[in-house]
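The first chain written gets the first letter, and so on, giving A, B and C; residue counts start at 1 in each chain.
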Amino acid sequence: MTSKTYCWAIIDAMREEMERDTNVFLIGEDVAAAGGAFGASRGLHKAFGPLRVRDTPISEEVIVGLGVGAAMTGKRPIVEIMFMDFFGLCLDQIVNQAAKMHYLYQGMFKMPLVIRTSVATEMGIGPHHSQSLEAWVGHVPGLKVVMPSTPRDAKGLLKSAIRDDNPVIFIEHLALHKLKEEIDDDEDLLIPLGKADIKRPGRDLTVVATGLMVGKALQAAQTLAGEGIEMEVIDPRTISPLDMDTLVASVIRTNRAMVVSSAHKPFGFSSEVAAELQERAFFHLDCPVRRLTPPFTPQPFGKGFEKFLHPDVDSIIKAAREMLR
Amino acid sequence: MSHAVTIPKLGLTMEEATLVEWHVQDGERVEKGQTLLTIETEKIMFDVEAEASGWLQRVAAVDSLLKVGDLAAHLHEAPGHHAPSASLDQAPPSAPAQAPMPGAAAPADTRLHAASLTTTTAGERLLASPVARRLAHERGIALHQLKGSGPGGVILKRDIPTASVKPPAEGLSVAAVATQRRPLTPMRRAISQRMMHSLSSTAQMTGFGRIDMAAVTAWRATLLAHESGLGVRITFTDLVLKVCACALLDIPEINAYIEGDEVVQLGEVNIGLAVSVDGGLLVPVLKQVDRLSLVDICQARKALVDKARASRLTREDLEGGSFTLSNFGSYGGDFETPILNSPQSALLGIGRITDEPVVREGQIVIRPMMMMSLTFDHRLIDGALAGRFRARVRDLLEQPALMAATLR
Amino acid sequence: MKKTSPETTEKETVASRGGLSSQEAHSLYATLVEIRECEAQLNAVFAKNLFPGYIHSYMGQEACATGVCAALRSDDWIITTHRGRGHYLAKGMALEPMMCEMFGRANGIAGGRGGEMHAADPSVGILGGNGIVGGGIPYATGAAYSALLEGSDRVCAVFFGEGASNQGSFHEALNLAAAWNLPLLFVCENNLYAEMTPFIQTSRLPDIALRAQGYGIHGEAVDGTDVVAVRDAARAAVQRARTGLGPTLLELKTYRYGGHFQGDPCNYRTREEEAQWKERDCVANFRARILVENLLPLSELQAVEASAASRVACAIELALASPDPEPSEALRHVYAP
């Protein structure tokens, strides 16, 4: 067992998969010589050479496009789009091309493409580097979307994503890069996509949290335990396909649900979960499903603004207490 | 459409009858021709039969005197106007076993949408959560008989009794009060666990003392007179908090606790204050009371009590206490044996201040007296030490000027 | 596949331009005629209201697809546009499954799910058409990169119209292909009208081949009505790519007889212009050349024409008679297992 950071878990996942299968390669801006804009591909260029780890021009559409074409012709590309905020520049290749090749052509082509990208909410970088846009891609049939919150989850899910024959959008959170966890060195760690994880069991309230919100929900749960309130914290890990079975089973036990998300409520992930829960677990709900999200504004520059705008541990505690009145 | 069951005219001169007995339970399915009830006129006993099939909703009670043509009951075309008695017989053991599978929820539960489940007999909409409705339905309980404890009076799962409520026995003119059961709220569960843990993990003992509160009363009066200048209204609790803090500085062995094989000596004097809230008890903590002025203490206390009552206390507000104060006087208590707030080793309770006759210099005089109850963990604190602490508290309360000696 | 030496092949290519054997003439003519028949008969079907959806006619541009694909191997790849029928046939997609796909039938090559704009056949290197103008250009770089990774000399040709040359995807792909020296042919069929707007109104330079200079790669403008000229230019570009000399931008000047789609009244161009281009009809002119140079007897040409006409007619009949896909099939293949 070794203590690994979230960032190193991602590097390890890519390295292990590239060693295992020569068809796996990585392209993106600054991924090779610099080891990644955020250091998430350190050592790979040296280990695998300039063809398999390659720096691209600043051309998001063709970065994804190259991935699409290579995936259709027998390779397993990993392409990196530096910030998810940049998806507007390459949505056609993701939504109209990657997502639909297998479907349109009746399975003649597989699309084993992984698009790794980063979300930087609450880091005060500014309005073009602070959005959590999983709803954009979660809404497109044919894509899979993954959002790990821990190092072990990141490693296991990335390895599975690389081995998946479908296009997977792999969303990393920059603020989680330094998070550490013990990971077994020997294990060929594969965490299945589409399976949620109960990070903390509880009987009074189901809290569905993703990405950066998972840690906050766990801290809130610890405090509330002191008051006798036992929160069950579930991390879906995969946004699409969403493991609603686990969430519904939990709400049947607890009768109350809250979704905590970095993304806006309107048309967002939290709304999807709330709609599914009310449809599938209506007769088990003791109060409405609560969605805890930032208000519907862009993110201005600066940590002061971001702290105000985003749900934190205390707001989760407050909401939980209100729901249990 | 429902069928009305009315008192039949049995003879030319018959005008009224007494309802003697019902033969069918409320909500039960009835077939045409089945005997529903028995009435008694001046002359005869008569069994009234159902003229149609349906589900019975009783209207008239046993022993009531009814005129010919009066409504005795309804026979409805669909169940659900009152709880079907089938589920009363089954007596489900626990809720989860009865819960429908998620996928099956939609078709099986459509009958819950029947308007009468959502309305009181007066036709207003009843507010009840989905799970409450389902459980009430499964357990054969009429929602309109229940009082909701949720926000705005909503009936919640915890308001649904786990066993069906038995209707009052027939024939009694005064309804007996039925036994009810309801689940523990999370706060109540937490309190009960904490209390048991405290009692089973420490060797608790309580020692008492009597304090002459004349000096404190005068002290407070002075402070009240300067309320506008100070900006706050200082209470007895605030004064006692300060005195406790001084006493804890003087006798720091009280400001400690046992953890495993070690004695943890706390550096800060953080005093928890027991606050009664809706449904239970919370103990927010005032930090570093030894370094706070009376004004500070008063403001901090008020802020914490407000937060506690508004359910807005944070993790920090509840953690870090080294000693607790409980004021039973606020609910009329004199002395009690309070239970320690684990892991602390001591808790001081204070009672009412009442005028009592005491002996001073051979004379009987009336003094404002107050009892103090100090519960302590005898594993760490011996009786003598506890006595010294009580004595110190008493000295400071009876002669507050002593605190000035160590005032910085 | 072995790589051939750069110097010798460049010389060979130049020397053999314009050369045409009887065998080559037959092969080129058969493809031209098959595509022409297809377009002509489908227009008639559409006029009878028997065609589901839009038809984007390729009539008039047959020499472009035919010439370029004649320079490619079976294991090379092509990517095409919404107007892809000519390319499908020229690259070797079978006529019947293609026709059934055009009509959206269950036995179409993509099960009727792609329709006119989306047919593909990986066995002959066809990586699909596209409903997005310029949508195919970015992923052509991916196929080309696969060749680099596997160390083969396969190449990818991506077809697009002059309208797509104004999409951002065109710029990004050309830049990357040039920077990474990818084995790519960018084949721009300039039929002068992007949808319904004349190209000269949307671009300052009417010659797209000139843009190649901006990327540091070879660009060439070719008469798109001359199938041999197209073939020769494509051969040179393919050799360049196979020998590690990188991508080429070919601009084929051509003309489509139909509108952007069938039923387009073409108010944006004159009847005189259309008549002028029809005089340069690629099929008729090539036929004339074959006869003038005595490459094939007339009877052989007529046999080719008759064969194409009947095969296309049968394919259309088959397609019309074939069943629609089961509607519930729409739920399948969203994800690979």
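One rule holds for everything that comes next: a residue touches a chain if its C-beta (ideal position, glycine included) is under 8 Å from a C-beta of that chain, and two chains touch if they have at least 3 such contacts.
Note that the structure is predicted; figures quoted are calculated from it, not measured.
Engineer: Taking the mean of all protein CA atoms as the centre, name the chain whose own CA mean is closest to it.
Structural biologist: Chain closest to the assembly's C-alpha mean: A.
Engineer: Of all the other chains, whose mean CA position lies farthest from subunit C?
Structural biologist: Farthest from subunit C by mean C-alpha position: B.
Engineer: For subunit A versus subunit C, what separation do you get between their C-alpha means, in angstrom?
Structural biologist: Whole-Å distance between the two chain centres: 41.
Engineer: Between subunit A and subunit B, tell me the centre distance in angstrom, where each centre is the average of that chain's C-alpha atoms.
Structural biologist: Their C-alpha centroids are separated by 43 Å.
Engineer: In whole angstrom, what separates the CA-based centres of subunit B and subunit C?
Structural biologist: The separation of the two C-alpha centroids amounts to 81 Å.
Engineer: Touching subunit A in the complex: which residues of subunit C?
Structural biologist: 77, 79, 110-111, 113-114, 118, 120-122, 127-128, 130-132, 135, 137-146, 148-150, 156, 168-169, 172-173, 175-176, 179-180, 333-337
Engineer: Using the touch rule from the top, collect the residues of subunit B that touch subunit A in their complex.
Structural biologist: 96, 99-100, 102-103, 105, 109, 112, 129-134, 150-151, 154, 156-157, 185-191, 193, 282, 311-312, 314-315, 318-319
Engineer: In their shared complex, at which residues does subunit A touch subunit B?
Structural biologist: Answer in residue numbers: 204, 222-223, 226-230, 248-249, 252-253, 255, 280-287, 313-314, 317-318, 321-322, 324-325.
Engineer: Which part of subunit A faces subunit C closely enough to touch in the complex?
Structural biologist: Checking each residue of subunit A against subunit C gives 23, 25, 51-52, 54, 56-57, 59, 61-62, 64-75, 77, 92-93, 96-97, 101-111, 141-142, 144, 165-166.
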